[in-house]
Every structure is written in structure tokens, then in C-alpha cells.
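Can you read through this structure? Questions will come right after.
Chain nomenclature is as follows: A, B, C and D, assigned in order of appearance, with residue numbering initiated at 1 for each chain independently.
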Amino acid sequence: MRYQPIEAKPGRAKPAVKKVMTAQEAVSRFIHENTYLGMSVSAAPAALIWEIVRQKDRIKSLDLTITSQIGMSSVLIGTGLVRKLEMAYNWGGIEGEDKVFRRAAEKGIPRPIEIEEYSNFGMAMRWQAGALGIPYMPLKSMLGSDIPKYNPKIKVVDDPYTNRPVALVPACNPDVAIMHCARADEIGNVQALGLYGNSDTLARAARHVIVSVEEIVTQDEIRRFPNLTTIPYYYVDAIVHAPFGAHWRESTYYYHHDLAYGLDVYRQFGTQEGYEAWIDKYVLGTADWDDYCRLVGYDRLNRLRLSEQKYQKFGEVR
Amino acid sequence: MSKYAENYSLPELMAATVAREIRDGELAFIGVGMPLMAATVAKFTTAPNFNMMVEYGAAGPSPRRLPMCVNCAVNCERAYYTGSQREVMGAQQAGFVDVACISGAQIDRFGNLNSSVIGEYKNPKVRLAGSGGANDLASSANRTIIMMRQDGRNFVEKLDYLTSPGYLDGPGARERAGLHGGGPVAVVTTMGVYRFDAETCEMYLEKIHPGVELEKVKAAVKWDLAVSPNLEVTEPPTEEQVMIMRTLDPLAVYLGTGRATLTGDFEAFMKMFENSYQPMVDLMKSKGL
Amino acid sequence: MRYQPIEAKPGRAKPAVKKVMTAQEAVSRFIHENTYLGMSVSAAPAALIWEIVRQKDRIKSLDLTITSQIGMSSVLIGTGLVRKLEMAYNWGGIEGEDKVFRRAAEKGIPRPIEIEEYSNFGMAMRWQAGALGIPYMPLKSMLGSDIPKYNPKIKVVDDPYTNRPVALVPACNPDVAIMHCARADEIGNVQALGLYGNSDTLARAARHVIVSVEEIVTQDEIRRFPNLTTIPYYYVDAIVHAPFGAHWRESTYYYHHDLAYGLDVYRQFGTQEGYEAWIDKYVLGTADWDDYCRLVGYDRLNRLRLSEQKYQKFGEVR
Amino acid sequence: MSKYAENYSLPELMAATVAREIRDGELAFIGVGMPLMAATVAKFTTAPNFNMMVEYGAAGPSPRRLPMCVNCAVNCERAYYTGSQREVMGAQQAGFVDVACISGAQIDRFGNLNSSVIGEYKNPKVRLAGSGGANDLASSANRTIIMMRQDGRNFVEKLDYLTSPGYLDGPGARERAGLHGGGPVAVVTTMGVYRFDAETCEMYLEKIHPGVELEKVKAAVKWDLAVSPNLEVTEPPTEEQVMIMRTLDPLAVYLGTGRATLTGDFEAFMKMFENSYQPMVDLMKSKGL
């Protein structure tokens, strides 16, 4: 015995310090070549995706993990940044067929994309396992389907309690998670409002977490409704203030989906040339999210806000 | 009951047909598009105490405008619960969903669906969206209703990829696979309505849409289609059902050419909301919702 | 082929109908001899426990599943109602040693009690598996300890992904769950406020759910904050209006723990005679929860409310 | 820094000792009682940016009164998060807890703890509370600090039941068992402070409390206790540390005879809150919290 005490390694908790930074800064600091990136669907982290595209020459390649993405992932895929996509669903939703995704998956344009597929809940449970620090989750989806046949990570085994088949999915712990939420304080206590999909789970699973928010609020506002805190500060690395940060998608209580715009974007995404022209103008051609919003028009964005708030507002029944 | 409509579109017929499958008091897992139309019609007519769950985290909403997506903010409107997908998908895996509407690009005789690829998986001719929640619903919902186009090529002998399980390869197969949901009970297509036989689990034609010829239906199915000896004609939508759909979706975004109309036209889009707000509020009030 | 269509069995969702009833009615309707009963710890469902004791001659025997109970389970155990206890922790907390539990476990007084033990998270994950409809959950607790050695339901196996040991716990689906929460509407949309332990998970795992609440609110009040709904109506069978329904324990935002009372109860529980005298007076001697509250004194209960609300109130920072 | 207190109790010494183990910015999993006192002292003195997690679903509270339990409403006071145990225990299993305080009725040389039974498991002489969260914390927290009474019989060669793992049977055993948390780094008792040797994982005496004789400590340990060649005397609490503890717990509910005082005396209990409200508010304000 040497009487040298055992000391602990540092823990995973992020400190309770101010974390507000620009999207440019957050993306530069946490997202690098070959980053394993998790992306939420509700709300869509458009402001952060745009910034990743702006830094694409530095970042070069990403592996992407999503449950579903409705429209927004194409903005990344069309740049050729995405080497691999772990997914349950990737399509345009109401905007229609995702031609960007089809070009990548069918023809390797602008880059071949490796696809690893799950059901929605299957992928969500991978994040859940990651969030809980356990190696896998058992579930009752995907049994009997072709999904496990083409994805060796899904193991169909007999559950040791009932001797009935169960599908296992391995934990997923992305390097970085990006998401857009309603509000946060400066130290990173995040309150997503309305429906938020798996953003809570994804934040818990990821090593680093960047959250763009509609509003930065005081600590007292967080403490008024501590039950609404969906992501406590100890998971969060960066808070980016990005009003309208999910446009062309919606943000519950803040603004409505801009369908006229989304349909038009998808029309342009029909060809790779159209995609590139759009990216050049709206993403690479804008310096930051505020600049993008000016290009779209704050008058338009404000009308989307009024439209949403005519129907619903936080804390009210309308 | 309201009398049958004289003018209605094929999508309206399909939505009304699905609406009649939903029973009062049920909890239904609804995607946007045609299933949402069906659900709204059901809630405003025969199933006022039925509630919707929406995949990305909402339960019991009463939206007065058109949801644009399964994760759309509209799905939170006047909801009992909003929050995580885990709540909604967890409840559905645990057997709390009475009925779910799903779809696919291909279907086989046992109601298995493909929404992943056409062609070889690793080298697809057409890459599709992927399962999303469809596989989960097909696995665990108490019953599913399938809505899909019938294009002459997509009722196939063998799927290119089995995304969402129906009855797999027949009786007992779901149980053997470990699935605890009930499987599909109906397929509502652009041509007719199909059921699954309790003995063989095979799909059979139960109803044929007004004006569709049986031979055309048979030609659009790649296997030897069983036809009910009591083949009926699908009941048309009522005037009220059509009115409800047109109030909620005046530009026929889901049931017609509305998307083309709105592409790039922000003013038309804003006007659609402005014009439909009061009629929807009045309609809901008249229904006591 | 007989052209008989496959029809579905009825689903598990509870209907969206009025569910308000008395504790007497709820307990009579759902809790019977040998019911497998789950009980939340936060908040303590005292009003419902008292009613179970009042109906003990009918109910005769229960199997109880808890994560932890701090004080309140003794009220049941001392009656001899509890045949088996699945638990992580059962003690008096600040009120001290649980003599009722000790008498049952050490001496079989008033009845021998079978104990099945887990860690807190281990037991919680059994409810989690039950809530998700999966047969078991893997976790990284209890490894290397004696807990699995004495509980064959816990299986320590090598995880098929990392080949490292993991502990499996089987799903737990109690027949009935009882819990006390802040508020609900008449059809059973429940909003627990403050910390609520595992009440959300337990409600999802149980076949039937009885929730006593401080307040019954309108549907519009629920819809003002749909993000606060911890238990949607489709899980719930009965809502019991029981203001102060967790006394002597606390209910966040409503009233403070009555320590002076709890310590005194625990002093009396020191002997089986003391326990019985207390039960006779405060439980069997009162007709319902309102009657119990009158015996304790609404003036006292109101002072506990003022004491809590001096420090915190829903929607405010104090 | 405030000077050392001249009058302090043994529990106050223990709490102050644990307070010094908590570093600024950490996330700590705290039970009520003595660990809570230690945490409050730490937050008000050397670790203002440290935050507490509480087992039944709260993170970052700043209570101005005495919590009565790990699931007490007080733990919600001015918290950043309140809600489910899954959040708190899930985070801790995933490695987000820097430091946790746990306890037990028996301990062995490798820091394994028993809080379940004394005697045979199936036929216990004394039935204890059970693990609660202690096993989970001992399994997964980054490091644990053990606080316990040393009564002459409970530092044992072999535990009656291993509830919460320390280093099990020595170097490498935690890893082999599949545990990913770090294990105990200190044991603070009524007699002294122990550490664990990096080479052998065995407990050794690092500090002895003022006025306690080494022979007494050795006699209270059933194995041949290793003693640091640089044995120190435990640093006493400062005046400020003692003041903080007495402001939060004026009747010594946790650190003395307060419970006996309050049993059945509602007026004394209410007065305790009324009298400590303003001093606590003032104290927190003076600390900028």
C-alpha cells in the first residue's frame, strides 16, 4: 500500500456557466470533420443546419443520426457533407418527395450515402439507451420485417423472461446534438414547449449539445415552471439565440410552418442545379441567421407568428 | 344523418370511408394528409369522444386549421398532452392505440407494406422515405387501417422490402414473430375496400368504389384476388362529411391540387388560414367541441 | 376462405369520459383480494391508503410493488394486508426507523411478509419496461452486489453488443396503481407538479390507475399547459378529489410535510398496540378523508399550506 | 476564510468535512440529513456554482428551509428542473453525477456497504431500509463519499449483505462486474476520515477527528486497519460553516436532538420555519444566490 488515494475522473455534467454564443461560434467549436451528428426533428434546427453548410469546407464530412427528418436534412445531404445516415424516415412530408435524398441514395449525387435503417421508435430507443447509459434497448417493433435483415446492428433474440422474440437496438451516443427549442436561460436550462419529439432524449445521449432557441429567458422564468425544463443545464454546451430559427418549419406557440416557402424550396430541390442555386442564395449567400431572416423578410416571418398566435399561445387557451 | 353528397372527389370518398372505421371513444394514431381528414370527419360526426395521438408528441388536440406534418405545431392546438415522442410511441407499443392509419408504396396479399425501396435494397431503383413510425404502428397498434393508391403495379406477389408487417406469411406468423399488435383490418384504396379473412389472413375485396369495374380491380392486383361473394359498392360520403373536409382544407391541399396552388404563393397561403378560421371555429362550436 | 373479416380486440386506452368518484368507490371498484398494487412515493397517496385500510376486511390480501416508500407503506403493512413487498427501500425517512416493517420482516407480526428486493432504479426500470410494453430493461446497477444473489428475477448477463455484464429486470405491470398528484380534469388528464418520482411511469405500467388530486381543474386549465400533463386521460380509471390527500407528507406548491405529526405517528408505531390504536382512531375511526382532515384539523392543514406557499407557489418564484 | 469554530458538534464536524470534498461547479447527488447540510455549506462557501440533484426528481434547487426527505417538496424550491426520478437517476446512471453521498449500516475494507439486513438475509436479526438509490449511486456515480457512524461493530471483515458496491474484492473488480462509476473516494465517520489506496483499493485512515485516540479507531475496525504514515487531524469547521448549518437547521433536526423536540409539537415546528425564513433569505442574498 502506497497511501496514494484513489481520485475520480471528471464527470460528464456540463458546468452551470453562461453558454450563450453565436451559431458560428457553436458550430466552429463543436462540429468537425467526421463528427457523428444527431439532429432533432421537432423543432427543426434550421439556423444551425444553415451554419453547418456555411462551414462545410472545414467540416468536410459528417455521419448523421436522426429518427425522422422532414425536409431539413436535405439541406445538408445536398452539399455532400453526409457520408452516412442512420434513420427511420427521411422525406419531404407535405412538401413531397425528397429528390435530394433520392439523388444521393439512388445515384450517389453529389456523394454516395450509406443508409442504416430502423423504425422510428427503434431509432428513438437507441437514443434512449444512450441517454440512460445502458448498452441497448429491447423493443417489440421491427420483428418479422426486413428492417433487421439489412441492419446487422438490430439483433432479434428470445427475451430471457418470456422466451418470445424481441428486437435489440444498440445505444447511440452522438458526438454532438443540434436542436431548436422554445426557450432557455443563459446557463442552458432548456424548456421545449409544445411537441418536441425526441429532442429531450437526444440531448441526454449526446456528448455535446447545441440548442438554438426562440427566446433567452431569465433564470427566474425557468424557475417559475421547473416542470417545463426538458433539458437541464448539465447536458448543454451552447445556447444560440435564433428567433424564427426553425423556418421554413414551425415552432409551437411562436410561428407557423411556411408551407408556401417549403413547397417552393422543394420545387427547386428537384434538380441538383436548383438545389445549389437555392443554397448559394439563401445559405451561403447569407452571413448568419439574422441575414437569412432579412432575405426571407421579417414582415413575412411576423405574419407567420401572428397566424400561429391567433390559434395558440403559451399559457393561454385560444 | 346527412344525405349523400352528389359531388365528391375520390380522395374525399376514401377519407369518408376511413372515417367510418373509427369508433367513438377510441384513441387513434393519425398521420397528416388523408388520415387526418378522416379523423376530423369522424370526430365531427360519429365519434365525438374519439381522440388523436400524433407521432411527435401530442394527444387529444382539437386543431382548427390544417396540420402540415406529424410534428407540426398545429397538432398541439388545444391538446390534452404535448411533449415527447416517447410518450406517444411508448403508449402505442404498450397497446394503448386502438386504431392507426398507415400506408405504403407496395402491399402484398397478407397486408405487408413496403415504404422503403423499389428495387434492390442496396441499389434501389427508387429510394422511398423509410418506415418512420409505420413499422411501429403495424407492429403494436390494436388494429391498423391501410390507405393507399392502387396504381396497377403496387399490389404485388412479393414486396421488394417488407417495411411494416401485416400478417407476414399467414395465420400465426405475427405471434411467432413476437408481434403483439393486432394487424390490419382494412385496406382503403383508390379502387375499393379490402378486408382480411379470419381463417387465411388473406386480403379480399369487400367493397368496390362507385363506378369502378371489378375487372379493373382484379387487373390491378398481381395475385389471384379473392372477392367477397357479397361484394358491395362503397358508401359515398355524406354532404356533411364533404362539407367538413372542405372547411378544414378549402384549397384541397391534402385531397387535391392545393399544394401546386400554394407553391411560392405566401399570400394565398395566409389567406387560406384567414378564410378558414371562422368557419372552423363555428363548425367546432356547432359540434360542441 | 370464409370471407369473415379479422376484427380487433378492444384496446387498452381508457375512454375520455368523466371519472371523478369517491375514494370509497374507486377502491371498491378496482382493488380486490390479491390485487397486485403499485404505489407511488411522490406524492404519497395517503387518502387512498387510508381507504384501502377501511376496506381491509373485503380486500384481505395485497401484493405491493414500490420503488421506495417513506413512512406510508407501514400504514398498510401493519394491518396484515401485505403478503409480499417488491421494493428498493422501505423506511421512515426523517421520521426514523420503520418499526412496523421491522416487526413484519423480522417476526412476522402481524403477518410474515415476503420481500423481493431491487435498487431504486432497478425497481423503477421494471415499471419503465411495463410502461413501454417490453419484457425487461437492462441496467448498470446492482452488478457485483448481493441484490441479484437473493432475487432470481434479476438476471446478470453479458450484453450482446459490448460483452460486458448488464443486469436485466423483468417488466412490472401492477393490476392497480394508486398515486396522489397536484391536479386533473374530470376525464383524467393529470398534471403532477414539482417532483413526482415515478408516478408517471407507474401509471403507464398499471392495468388500472386511481389518482387522488389536490384540485380538479377545467379542461381549459389542462390545455393552457399541455406540456405539464404527466398522465394523459387514456391511462386513468378514477380521479378522486382529496385536498391535503398526502398528509402527513407534503404536496409541492400545496402544503408542507407535517413533521411534528409524522414523528408522533412513528413514535406510536413503535409498538403493534400503538400502531393499532392510531389506526383505530385516525383511519378506521374516520369515515373518509374529509373526516380525517377534520380530526387532524383544517386549521393545522391550512397552516401547512401557508408555510409551503410562503416559499413556493405554482407559476411564481418566491 | 472564516476562522475555526470553537464550539461545534461531531455531526457538524462531519458535515463540514464532507463540504470540503465538494468542488465548485460539480453536480452532486444529495440525500437529506447530514449530506444536505454538507451540500448547503459547500454551496454557501467554497462551491457557489455547484448544484444538487435530488433522487425523486429535482435538479438545482436553492431551498431556504430544511428538506425533510429525498422526495420532499422543499427540494423543488427555486429548482431548475423538477419532475421525474427517471431524469435524475437516468442522468446518474449515464455518468452525469460528479459526487454522491451514501451511507450504510456496515462497511468492509473495500468500501462495500450493507444497508439491507443484519444477520441472515432470509431470517434477519435486524431488517434495514434496503438499497433505495444507494446501490445505483455506488454503481454509477463518478465518485461517492460515504458518511456513517462508527459504532465499534460495523466496520466488518465480511458484510452480512452487500447492498452497495465499493471496490468489491479489490483492484479491477468493479470493471469485471461491469460497473462504470468510479467508486468511493472517502469515508467520513464519527471517528475520522478514510481514503482508498490506489494500488490495493483498501481503505486507510487518513485523518482522525480532534480528541479521538488512534487505538480507539483501530479497536472499532474489525480488520487490521492501515493508517496513513502522514496521519492528520481533521480540520475543524469554520465559524461560518457552523453558522450556516445552524441557520438552516436551528433546532438541530439533522445534527442533534431536533426530532425529539418536534415530536407531536406542531407549534414548535411552525415556529422553526417562521424563525428561520428571514435569516435564510438574508444569508442567501449575502452569498449572491
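A few comments on the model shown:
In this text, a contact is a pair of C-beta atoms (placed from the backbone, for glycine too) under 8 Å apart; a residue touches a chain by one contact, two chains touch by 3 or more.
Model, not experiment: these values are computed from the prediction.
Of all chains in the assembly, those touching subunit B and also subunit D are A, C.
Centre-to-centre spacing of subunit A and subunit C amounts to 36 Å, using the average Cα coordinate of each chain.
We define each chain's centre as the mean of its Cα atoms; on that basis subunit B and subunit C are separated by 39 Å. One finds 27 Å separating the Cα centroids of subunit A and subunit B. The multi-chain contact residues of subunit D, meaning those touching 2 or more other chains, are 58, 76, 78, 82-83, 90, 93, 140, 180.
Residues of subunit A in contact with two or more other chains: 132-134, 139-140, 164, 166, 193-194, 223, 226-227, 317. The touch graph of the protein chains shown belongs to none of the named shapes.
Remark: the chains found to touch one another pair up as A-B, A-C, A-D, B-C, C-D. Contact residues of subunit C toward subunit D in the complex are 41-42, 67-68, 70, 87-91, 93-94, 96, 98, 101-102, 105-106, 117-122, 124, 128, 139-147, 150, 164-166, 193-198, 200-201, 230, 249-253, 256-261, 263-264, 267, 300, 303, 307-308, 310-312, 317. By the touch criterion given at the top, residues 32-33, 54-58, 63-65, 68-78, 82-86, 89-90, 93, 116, 121-122, 124-136, 139-140, 159, 161-165, 168, 173-174, 177-180, 253, 259, 262-266, 268-270, 273, 277 of subunit B touch subunit A in their complex. Chain contact summary for the complex, subunit A toward subunit C: residues 132-140, 155, 157, 159-162, 164, 166, 168, 170-171, 192-194, 220, 223-228, 315-317. Partner subunit A is touched in their complex by these residues of subunit D: 25-27, 49, 51, 58-60, 76, 78-83, 87, 90-91, 93-99, 140, 142-143, 180, 182-183, 185, 195-202, 204, 206, 226, 228-230. Within the complex, the subunit C residues that touch subunit B are 1-13, 15-17, 130-134, 189, 204, 219, 222-223, 226-227, 229, 232-235.
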